[in-house]
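Structure in structure tokens, see below.
Each chain carries a letter (A, B, C and D) given by its place in the written order, and its residues are counted from 1.
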């Protein structure tokens, strides 16, 4: 961390500040006195230093982090890729492109079992499906809730596919016993109390990037979970909010290679929410395969035009089957390079 | 709601769809058959119609809402301004510019009582102060939590100022008994489970706009609370995330007159978080007074350079005193017009 | 175009307005009178209708375009892909992935000829290189200008590679005689006077999307050129400005399939400017190949760390050679699907 | 400028780099060698240093500017406010709130003269009116062009009001002889060739902020004009592009106090383009007065619903008259503080 002081500081002020820094944090401070300004260089564990606190000092001109503000999620301290592996052997990360598929919302036993069987046949190794649904309007369908979770378990028993589903409140956690991967939605990426609780359990967490959150903030939210002891975090790029209106969000495809460079955690891409348009899902999935994402999470509905939510961004099982073949081909081509 | 169908639909398909609409929703449908396309006009209670569902129908070209998707927050159905009034008479809305002030975080009894007395003397009628703090990093100070709430109560007893403080989890609700106005932070604006719970209580809620949420989404989140029966919602503009980097966020000053036109709810402005820079707070507060915001929520710290969080965006009690006089003058000038 | 009128309009007002519309534009108007509002449906050549003009009428509630506001760039009126083909046979569009490569700036004869030979050997079929450089600071290197164009011509003679280079002013047009494809930079995407002039010539134009321009605005700028009679327009996605700061811009990879659906014009991707980071260029280029972009425009410098501009986003000829092989493999895999 | 080198650089590499910096630029370099990294501190005229060039060096970790990259626009080197004063005494900057008003487009002699007389009577001291109009669509009205300039001159002779009007091409400059203040529109803010030409003339330039340009980029564009010798630049905040869709753009009200802190140049606000909605113009104008903008530029049309462009964001002369009184009152209240 580099701290530039405002010109004309007294020696005593500087010394007192340096003493405070070294006593409060585990750092060494190198002081460089120039003709016009003084620069402090902090070496050591600067992660725990609150840059805002430093910037608030009235004699500080500016602060620049050299080191990233996250530790457990940081590839520098954990160079090898992390793979999330379930007891069954199903995995996300560690090579290959994992397909996670299923309907936006669980709607009925028949629907979820049919879709689960179908996506499994096409190569999906995880079943997704919403039981608790975050909806902008209180008047929209809010999901089947605990009944939805029950139907997911049933589909899991029928197909052997592990379940990925979203949690919206800490209080629902007891209902998630049979869930294999708990998803934190984009709107809860900075619901820090939820993240802290999820840090206490030992179950993989699929953490979606918030609509307007930076890549660094996503890693800081992963750090919240990991700091609690749960290191099985899967990062998910699902589109960010920009001025463009044709697509519902803008898929930040660069986030995949950037996240994989900064962090050792697996990265999956959600082309369904990123675009909001079913005809865009295939090309975006191919792009994700090309940048070596570890997985794809895709909305598949047996009857998109009658889906109770997000039908416009769902594809049919038949379309998913074609997509699965194509992404495999691109993934194979990329890994062969 | 105007629904444009794709060209070339069979009469039977259209009729079946119209039947479904009128049976499922409390609407009348007018069908207009043009040479090239068919347009349906829905009249009635279209608020509860899920536009996404309509758009997902494969014969639908596009959907356009004419009516807003919120009802209880809508000025059309509630033309008079809503004022949130406490038993003590302290109020937000209903005329005048309410000043809500206090430190980012509660840090000690001395600190919070000193600041509370000081801001009261300058004209503030509500005390703000964070007990639970949403911080990007798990390694940053997370607030004094329940002890912080205890100190706020103490400051309330000393000064008579009602308390505004942030909730971060439904589970903390029992601790908020003595809190007068519960704040929902920007990062929780779409934490729908929290909003639903807050709809069940009978206490004013100060709802901050999310960093990347539209004005309509803010009103939809207010609608979540109001749909539960709690109609005492105060809206808060606190800056949105844009590409500009000099300011931490971009204060969307237009949001104040827009919200007041669309809704009857009171609107306050938070210039501290909007800018992140203490020297910007006064001009932004004056701008808020000029557009007739109902209140200001401002971070005041007796020693900003030693504040445990957000010191860079806090002003001193002396600066707040000057600001209070200036905003009163501008507010008076505007109301006299 | 659907026009919703405000409730309670007199029949005479509506009739006068309909008369005005049908006399001024080549459209038919269908009027649908509902219980609460009146809706007008316009059929015909609505492209030339100024929606802002309609919205400004005091009895108009809202206007919704059903038809796109561009005609010549619209795939609906020109279903087959357009390919830009030079006399030499070099082409962009019409199948395959064209590689356009070369340095950010032309710096010397040796540099441009060396790079041109090198990228040609790796498979590039167009040479790019900046002679006139748009720089944020007036104190930064502004390009070699006419001397730069002379050196590009020299490199073209040495290698046979056609030239792509940027124009920054109409007044420079006479200098561009030997240039094969004229590039309009992101900052000039809505320099309408420049676009109009380029519509008068008969040379392909590579039109870059502006930093904050929508896909529709990009197509409208293409329409400016095409309306003048020059239909050889190549669209270029080069990243848009968002809140994310790790990458210089955010590559909107969705723009490629969206543009190809809406328009028949070829689409190329510029991963160099999109990211601003040389290690990101290869994955973004692979993503562009996966979504079937028609070409890539990439900055290659023989000595990036001594480049006079944008060195941080340039790759070396050796890195380009690897990239070229990889994108070919992915492109082949995608086209084989 | 602070340059952080990557760890493990050889002493010789560092020395060679320092020699290059001191020989190429007028700076002194202080080297601070820490245990893990080396930091260089550059003092002197760092404005002309191209930070991108430095960042491209393969041994450089990161670069941080301490000094702003603009000089002539910088308040540090010119502490007093700059006022643009015409021979007639009409001025922008130097105290007070200048009103610039007139129609979006000049449409006829009667229209421009009527509006000019009317806004003058209400207190405007400059007449605005578009002769050359930047329109997104080539099929929209492009302005009356040279005939529009002729009519503006006529209105100037009738009323004595100096003219502010937009230039869209260097080639039109000879037509602007009788224009008092030349406006550069948002879309041309980084049309650097145009800016260079305007730096050669001696006439005030009103420079609008681009839709997606930072405050620093606006100042860099002002620097382009000033570097050419024309120091009469007026900055204009007119709204930036964000995700919000209710308003056409988002007025960045903070830009006014930020620009006035960083620069000595006068700052005006354009509430018409910022909002795109006529009912928002008055509150935004009041906000601009509250933050002590030096002027307002407002679209006034005698018949907004029949305006040939931007009618929806124009107000009537009667509404302008009310607005003028109100902003004067707020401006007086603020200046009296």
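Assume contacts are C-beta pairs under 8 Å (C-beta built on N, C-alpha and C of every residue); 3 or more make two chains touch, one makes a residue touch a chain.
This one's a predicted model, so the numbers in the text were calculated from it and none came from an experiment.
*Asks:* Of all chains present, which has the mean Cα position farthest from that of chain C?
*Replies:* Between chain C and the rest, the longest centre separation is with B.
*Asks:* With chain centres defined as C-alpha means, what is the inter-centre distance between chain A and chain D in Å?
*Replies:* 40
*Asks:* How many angstrom lie between the centres of chain A and chain B, each centre taken as the mean Cα position?
*Replies:* Computed from C-alpha means, the inter-chain centre distance equals 27 Å.
*Asks:* Based only on mean CA positions, could you tell me how far chain A sits from chain C in angstrom?
*Replies:* A distance of 32 Å separates the two centres.
*Asks:* Would you pick out the residues of chain A that each touch at least 2 other chains?
*Replies:* Those would be 212, 241-243, 245.
*Asks:* Should the pattern of chain-chain touching be classed as line, ring, star, complete or other?
*Replies:* Looks like everything touches everything, fully connected.
*Asks:* Inside the complex, what are the residues of chain D that reach chain A?
*Replies:* 2, 4, 28, 30, 32, 34-37, 39, 41, 43, 61-62, 64, 66, 212, 241-243, 245
*Asks:* For the complex, give me every residue of chain B touching chain D.
*Replies:* 212, 214-216, 240, 242-247, 250-258, 261, 274-275, 279-280, 283-284, 286-292, 325-326, 329-330, 332-334, 336-337
*Asks:* Using the touch definition up top, name the residues of chain D that touch chain C in the complex.
*Replies:* 47-48, 50, 52-53, 55-58, 69-70, 132, 134-142, 168-172, 187-188, 190-194, 196, 210-212, 217, 220, 223-224, 227-228, 241, 304-312, 314
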